[in-house]
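Look at the two complexes coming up: chain A is in both, with chain B in one and chain C in the other.
Let's look at the complex of A and B:
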């Protein structure tokens, strides 16, 4: 999911940067004082997740977990993912500083979309598991589409790239669906305030 | 059924699926440049497009593809030899992963020169023993320059042979070095990164907390 430096054209890089800047600004503005540490912990989860390789078939896949961040953080996914990607670029040379904006947008925008699409269903106990799975899978799928789109805008052939990227991420989508599902149902039972915030928590009120 | 489907689907996965970055490594190998492309996880990158460019002008000199072992080989472009270009070898997987390798003219000129000189030395060298053997015994007046010429040639020959053998022996070492230059993330890096993020959270919390208590 990390696009390397030197692949994208300048307009794509620039618009990615602008969009990420806007998203981060909204994220920081909406950020609650009480939730800062949750954001930090999830940012480091995201940071580490891409280092976890799951051996599968001929190769191995790595987790992204942007769906989990999306449902838990909403707009705060932008600053969280931006920070994590910046550190990954600096420490591990994944992606790069120049493509940071595009990479952040590609992973954080699906997270925010999932937040609006899926989160309402998380409050209902019977939909919770399905919604969690959907968030995990959908966000990876959308990240693949965004990535293919940014490559297509710089180069050509959206469909071949999109097919390649999305097909490659099908196993990740399934794995992340399950991880997000289990995390969400577990958090709802053990620490509902992380999931719903202190005020809107249906259990602890 | 679904697992069968899943796994049969997996075998069609592009090899690049989930690597973080790709590493390109190349060296002059006689009249050609040989190299290989691997993903950061260590897997070989198959069927990846390789573009050879002049580093200064970014003009494409040659293109090729990696084979099943992730290796590629192409003859050194004549134009590059003539103008002593520094080369930029770019591997583009097509899904956003791209790696490159800088190759200075010196890196491949040595081996390109070698071909040129061995080609010219070889016939001379074959003729030499016949020439020197009869020449040395009757011409007692000039024994000094002849052996000198012989040693000069053999010295050069030895040098070439040593160079060739060294090249061959050093190739694995070059591989190791190339890999060592691009180490994977270390534990200290990972822990450091987590520390940074938590620390940043702490700083933000501190300032937000100050604002809250002030208001």
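Let's look at the complex of A and C:
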């Protein structure tokens, strides 16, 4: 879920913007022109993931998969998520321009954290499933925490709303965990070079 | 599947240079999103409604879009009146509705919708291709603009690939439900989409290098800023300044 325009306070918007600017700068610096196409097409794949609705009880949730993106792209997740969110804003008006920084940081920072925490464990077959689940679940959980923090830091009256945001992320977290787990094991069997080929991660050769 | 619903048209806003529209949108969004009084938020809503009228878009489609985007706002309406600290105006058992909570939810609703209407009328009236080139000439790093332009180019392709796989699964009697089989199937469908996208990216990258791609994306469309564009930007900046002046003046009247 994105935060709408007009909810957050100026300091939170500004710090989100600065952090996203820094993250994107690092991502772009590590990315050379040869791998731009990969990042771009993965960004569109993740845009498409957000259109996939998975049933959950009586309702459904759409996929986020920022954990998977982080594991695959590392720091390049920042420009990729920034792009995907900008496209969502232009196409569907979810989010906006001024909150783009905060929304990008909330999704991309967990992706980069998962890259460092989880990617090393993906190489070993016995940890792969657990690591995949952890990437999916952790990244959504952290995204929920960051979103709750941006609300709570904007206005102390948002505190209960922020708690609710975290609670609402828990079922999504479990589904994302399973989907990321199955996707990672699928990729390892079908096209392992995406996960651990020498060209796999566009920014960490 | 078409994602860009509003970019076709011949209105003034469709014809205005996207660079000027981006600057105008950022200025107006900033003052509206940060306003704290109902008066200036309503002023902003008025400005964006005027822009919407100038853009001459299909009213029903805009309304439908607004309805979809307001889910987050609806969530705030469920939470804020009950949890925001303030004077109680209505109570039933443990549930208390606070005046400040209702006022804040209302203010956020007006501001958010003003910005969304603004976004539709200023930015969604250009194609992403034009916006991408405009961003580059406004100084956004070229690598980022390339990622934006390429992923815009391939969204429809990737989506079609996913839809084909999903259709194949449906033909084989896949019925989504809340169980592990469903999650595994979705993961495999998405994984296959990833594999196809990955190989496509490699193919396209090789083809581009073969044709001498040097990191620049040439556009056949050469932007020409006209006098009308400057007047448009001037009016928009004047509107932003007056919203801000209204905000400051109003808060001075209150305190």
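Convention: the second predicted complex is superposed on the first by the 183 of 205 C-alpha atoms of A that agree within 3 Å, B and C clash if a C-alpha of one lies under 4 Å from a C-alpha of the other, contacts with A are read in each partner's own complex, and residues count from 1 in each chain.
We adopt the following convention: a contact is a pair of C-beta atoms (placed from the backbone, for glycine too) under 8 Å apart; a residue touches a chain by one contact, two chains touch by 3 or more.
Please read all numbers here as calculations on a predicted model, not as lab measurements.
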{"item": "Side-by-side fit of chain B and chain C on chain A, or clash", "value": "clash"}
{"item": "Which of chain B and chain C A:170 touches, first, second, both or neither", "value": "first"}
{"item": "First (chain B), second (chain C), both or neither touched by A:91", "value": "both"}
{"item": "Partner chain in contact with A:62 - chain B first, chain C second, else both or neither", "value": "first"}
{"item": "Partner chain in contact with A:147 - chain B first, chain C second, else both or neither", "value": "first"}
{"item": "Which of chain B and chain C A:123 touches, first, second, both or neither", "value": "neither"}
{"item": "Which of chain B and chain C A:3 touches, first, second, both or neither", "value": "both"}
{"item": "Touched partner set for A:50, first chain B, second chain C, both or neither", "value": "first"}
{"item": "Touched partner set for A:183, first chain B, second chain C, both or neither", "value": "second"}
{"item": "Chain B or chain C, by number of chain A residues touched", "value": "C"}
{"item": "First (chain B), second (chain C), both or neither touched by A:82", "value": "second"}
{"item": "Stretch in clash, chain C with chain B, out of 129-137, 147-155, 183-191 or 237-245", "value": "147-155"}
{"item": "Intersection of the chain A residues that touch chain B with those that touch chain C", "value": "2-7, 31, 33, 36-37, 39-41, 43-44, 47-48, 51, 56-57, 83-84, 87, 91-94, 161, 164"}
{"item": "Of all residues in chain C, those that touch chain A in their complex", "value": "3-5, 25-26, 29-30, 32-34, 41, 65, 68-69, 71-73, 75-76, 79-80, 82-86, 100-101, 104, 107-108, 111-112, 114-116, 119-120, 123-124, 128, 131, 141, 143-144, 146-152, 154-155, 157-159, 162, 176-178, 180, 182-184, 186-188, 190-195, 197-198, 200-202, 204-205, 208-209, 213, 215"}
{"item": "Footprint of chain A on chain B - complex, ascending", "value": "6-7, 9-18, 20-22, 41, 43, 92, 94-100, 182, 184-185, 189-190, 192-194, 196-198, 200-202, 204-205, 208-209, 212"}
{"item": "Interface residues, chain A side, partner chain C - complex", "value": "1-7, 10, 13, 24, 28, 31, 33-45, 47-49, 51-52, 54-57, 63, 65, 79-80, 82-84, 86-87, 89-94, 96-99, 155, 157-161, 164, 175, 178-183, 186-187, 190-191, 194"}
{"item": "Chain A residues touching chain B - in the complex, by the definition given at the top", "value": "2-7, 31, 33, 36-37, 39-41, 43-44, 47-48, 50-51, 53, 56-62, 83-84, 87-88, 91-94, 147, 151, 161, 164-165, 167-172, 174"}
